[in-house]
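Please go over the structures that come below.
Shared between the two complexes below is subunit A, which has subunit B as its partner in the first and subunit C in the second.
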Partner chain A sequence: MENFTKIKEKIYRGGFTALAFSSLVFLAGIILLLLKESLPLFRHVRFSDFIFGRAWYPTASVPEWGIFPLIMASFWVTLGALFICVPLGVGSALYIHEIASAQQRVFLKPLIEILASIPSVVYGFFGMVVAAPFLQKAFGLPTGLCALTASIILGIMAIPTVCSLAEDALSCVPDSFREASYAVGANRWQTLMRVVLPAAGSGVSTAIILGMSRAIGETMTVLMVAGGAAIVPRSFLQPVRPMTSTIAAEMGEAVMGSLHYNALFSIGLVLFVITLVFNMIAEMVCKRFRLKLGIDR
Partner chain B sequence: MHEKMNAKMEAREINFYYGAVRALKNINMSITGNTVTAIIGPSGCGKSTFIRLLNRMHELVAGSRVEGHVYLDGKDILDPTIDAVDVRRSVGMVFQKPNPFPKTIFENISYGLTVNNVRDKDYIEAKVVESLKKAALWDEVKDRLKDNALRLSGGQQQRLCIARCLAVGPEVLLFDEPCASLDPISTGKIEELMLELKKNYTIVIVTHNMQQAARVSDTTGFFLMGELIEFGKTQDIFTAPKNKQTEAYITGRFG
Partner chain C sequence: MKKRFSQRIGFGILWLCMAATLFFLGSIIYFIVVRGAGVFSWQFLTDVPRKSMTAGGVAPAIAGTVYLTMGAMVFALPLGIACAIYLNEYSPRGFIVNIIRMSINNLAGVPSVVFGLFGLALFVKSFKFGVSILSGSLTLGILVLPLIISAAQEALMAVPQSLREASLALGATHWQTIKRIVLPNALSGILTGAILSIGRIAGETAPILFTAATFYNRGFPKSIFDEAMALPYHIYALMTEGTHPDQQTAIAYGCALILLLLVLAISASAIIIRQRQRRFHA
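This part shows the complex of A and B:
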């Protein structure tokens, strides 16, 4: 009987170990695939020309492989999204956690989190049908599908990420800090701005970085509303072609194993590195935050 | 009437409710200036609730309601027209767990001044030094005012919190079980400090520690289930309690 228990224990142990390591296998597989499919490009194109080249003409008779316009497009759109999701996301987190009554809190946070469950294609649809025509009229543009539209929609999509994580960071700030602040005669606003927010600062930064990484990786929405012109943007009102939508739009037509095919994988690799760096920064900042508040891991 | 004249703080007919639960029942207590008043009683008897009411910290708890009056120098501080911020500047509070901000030692002390719109840098600096000296912490931290306050030991943190209170210039200091998380040596230092501070301030302390109450206080109040059972000179309470329940509690038969 005792033996049987021991064997069972071993099976559980082995099973869970296998499960835990399987995600590592996927990670390794994806990285290997990205490298395998993207590296052949660099036998023909110099890496610096790929990153800093200003022309993306993959199907021209003399193809050009510069993804600088695509990188800049992703950068602009993400930056624009920040202007929407940071004030709205952090603001709603502050409201929910510090000002809202218990009854309001019960429905507000889940409601904002529902924003995250709307499929991105629906956001794209909303952008095409509502936001784009509105902006076209408002600014007198030739097309409403531009960086600004994409920024707005991406910003809205990132709100739940930012809000939810920022709210978690605020709830990590011990009530004793608030009490201490009130006890020396600070009012609610001072307590919020000078004690609670700084104490939650790195946690809130983590929220913002993860919101950014959500925005930069988003594909369907930008494919639908960003306009798709592969030029280095000069203003938010121009159509742009971020990295993700380039891959999605062109993968169907690229011949497998062609240089175009390899180039699209290379874009994927660049994107992967960017998001990886974002997430690593977020992780580092988050660790510092926990140390600062004296919460041991 | 004579007693009322001497009272620094005075609670009259206090009833306190958390929602429908009546946490304090008809409390009357007058606290003489420049004394230490200890409040003892078993957990959940309302002593923390009572002390928090003395600087309106109870308002931070949603759904709480208070009836009655608390006078500070004859002025009713529970009057809704009086700003809680002003009350808390005159009646400071030190909490059970040391709660310095995750800022530098200097910023911790100056915070109470800057939130009250003090801008004069020299004045702030002088106040920080003065408060740290009064809290018997100056010698230990004078070379590292720019260090994060969370690096201090628990006892030092608690004295820092006392200094933070003193900087704002209060007249009354409330201590809510200030030594509950401290070791005996740090506790000794805090008690010593209280006896020193008594010369310039009026002190009210909630404590679970009978010996502490006996050591530091002049007056003791015994709370039980929301009622003030007995209130009088510490010496009398500990040597000849009038009430059977008080006697049972201080001799350790319950609580």
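This part shows the complex of A and C:
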């Protein structure tokens, strides 16, 4: 009987271990499959030509596979989004943390979290039917579907993410910091700006990096709103084609196993590496933040 | 005097930030609710699309979203909970566990369109499931796995260590303790996490773009190997394909409204449940 229980325990332990390893398998699987499906391209195209080439004509009779315009478009749109989501997200977090009354906070915190769940396709739709026509009229543009509109919509979309994470970081700052600051005569604003915000600084930067990583990997919004011209952007008022929307828009037409198909997987690989780097930086910064404030979990 | 003045300005700016945030997010919801309400009717919810997408309802798209979401949860929920149990209850702290933790964190940051590529290469192509509900569900399941794991882990962590110790002191084995003490106490937390993940995958579009979604089906999908219409994809397709942009935009407003209400209701209920629990425990 005792033996039976012991064996049962071992079986359960082994089973859970195996299942836990599956997450590792999935990550490895994603990397391997991306490599497997993208490598055939580099038998025909040099890697440096792929990254720095300035022409993306996958369906021309002499196709060209330069994704530089797509990378630049992704960065422009993400950068533009940061100008909106960082001040508004962090500002709102500071408001909820410092100014909001207890009743307001009980209401605002869950509200922001609920708003974070609005699907990206709804933002994209809103951008197409409301924001783009509005901006087109306001700036007299030839088309409302451009980098500016995409940046604005992406920025709005990332606000709840940045705000929730930044608020979490702010509330990790121990009360003793704040009390010490009041004790030497600082008022609430000075305490907030010179003590609480710097103490939460790396936590807030983690929030910003994760918001940025979300923006650069976002597909539906930019697919619907950014316009889709594969050119190196010169101004925010031009239509652009970021990496994500290229994959989404062209995978439907690409013949399975063709060079075009491989090239789209290569873009996916580049995207994967970029977001991986962002997430690793975020994790490192986050670890430092926790060490600094002495939170061990 | 100057001190008080700068505080007033600073707080004013923060107030403006909060107001702008609420204004932007509120206006998105306002536009979709007001313009979507016009096409909203019982028939819109229960009828199939008619006259090449210019009339009728979107019932197959609603059904497709429900199937895909349920399929993903059937796959991801047990796996995610098992993974969380291992990490929190069994794992000897060490190198391998750190690697698993890291890979879960990184999996959470992978862009959704890359999951779509993964699903296309693995399920559609290698496993030959084709463009189907099965492929789409599995892809969405892998996407949502990290979310479920971290939610379940948090719930398990919230179970006080003293409960485990008491159970072990009474002579229960490790697994008995997990099954009878830890899991029942963590259950509500795990469920909240699961509901939140449902809200997340119901609105995902990019992963099903090449693995499950189709613009038009005559009726409802009959097996898990059929393609399916899905609400989020339907919004996108209505706006970018087809030949009657005006009527299609009206229907897209209706779809966006349904999707918005669905997702907001799901996540609101999860968050309210969690709020109640916290108050209860505190």
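By definition in this document, the second predicted complex is superposed on the first by the 288 of 297 C-alpha atoms of A that agree within 3 Å, B and C clash if a C-alpha of one lies under 4 Å from a C-alpha of the other, contacts with A are read in each partner's own complex, and residues count from 1 in each chain.
Assume a residue touches a chain if its C-beta (ideal position, glycine included) is under 8 Å from a C-beta of that chain, and two chains touch if they have at least 3 such contacts.
Bear in mind that the values here come from a model prediction, so they are computed numbers and not experimental data.
Engineer: Check whether A:Ala180 is in contact with subunit B, with subunit C, with both or with neither, and answer first, second, both or neither.
Structural biologist: In the superposition, A:Ala180 contacts subunit B only.
Engineer: Once the shared chain is lined up, is A:Gln190 touching subunit B (first), subunit C (second), both, or neither of them?
Structural biologist: Both partners, subunit B and subunit C.
Engineer: Does the superposition put A:Ser213 against subunit B (first), subunit C (second), both, or neither?
Structural biologist: The answer is second: A:Ser213 touches subunit C but not subunit B.
Engineer: Give the label of whichever partner, subunit B or subunit C, reaches more residues of subunit A.
Structural biologist: If we count touched residues of subunit A for both partners, the winner is C.
Engineer: With both complexes superposed on chain A, which partner does A:Thr5 reach: first (subunit B), second (subunit C), both or neither?
Structural biologist: After superposition on chain A, A:Thr5 lies in contact with subunit C alone.
Engineer: After the superposition on A, what does A:Val62 contact: first (subunit B), second (subunit C), both or neither?
Structural biologist: Neither partner.
Engineer: Quick check on the superposed pair: does A:Gly268 touch subunit B, subunit C, both, or neither? Answer first, second, both or neither.
Structural biologist: second
Engineer: Quick one: is A:Val255 in contact with subunit B, with subunit C, with both, or with neither? Answer first, second, both or neither.
Structural biologist: Neither: A:Val255 stays clear of subunit B and subunit C.
Engineer: If I apply the document's touch criterion, which positions on subunit A are contacted by subunit B in one structure and by subunit C in the other?
Structural biologist: 187, 190
Engineer: Within the complex, which stretch of subunit C touches subunit A?
Structural biologist: Checking each residue of subunit C against subunit A gives 3-4, 6-7, 10-11, 13-18, 20-21, 24-25, 28-29, 31-32, 79, 82-83, 85-87, 89-91, 99-100, 102-118, 120-122, 125, 142, 145-146, 149, 173-175, 196, 199-200, 202-206, 209-210, 232-233, 235-236, 239-240, 249, 252-253, 256, 259-260, 263-264, 266-268, 271-272, 275.
Engineer: Under the stated contact criterion, what part of subunit A meets subunit C in this complex?
Structural biologist: Per the touch definition, subunit A meets subunit C at residues 5, 8-9, 12-13, 15-17, 19-24, 26-30, 33-34, 36-37, 87-92, 94-96, 98-100, 106, 108, 110, 112-115, 117-126, 128-130, 156, 159-160, 163, 187-190, 192-193, 210, 213, 216-220, 223-224, 244, 247-248, 251-252, 256, 264-265, 268, 271-272, 275-276, 278-280, 282-283.
Engineer: Going by the contact rule at the top, pick out the subunit A residues touching subunit B in the complex.
Structural biologist: Residues 101-102, 174, 176-187, 190, 194-195, 198-199, 292-294 of subunit A touch subunit B in their complex.
Engineer: So in the complex, which bits of subunit B are touching subunit A?
Structural biologist: Per the touch definition, subunit B meets subunit A at residues 55, 57, 60, 62, 85-86, 88-89, 92-93, 95, 97, 99-103, 111-112, 115-116, 150, 161, 164-165, 167-168.
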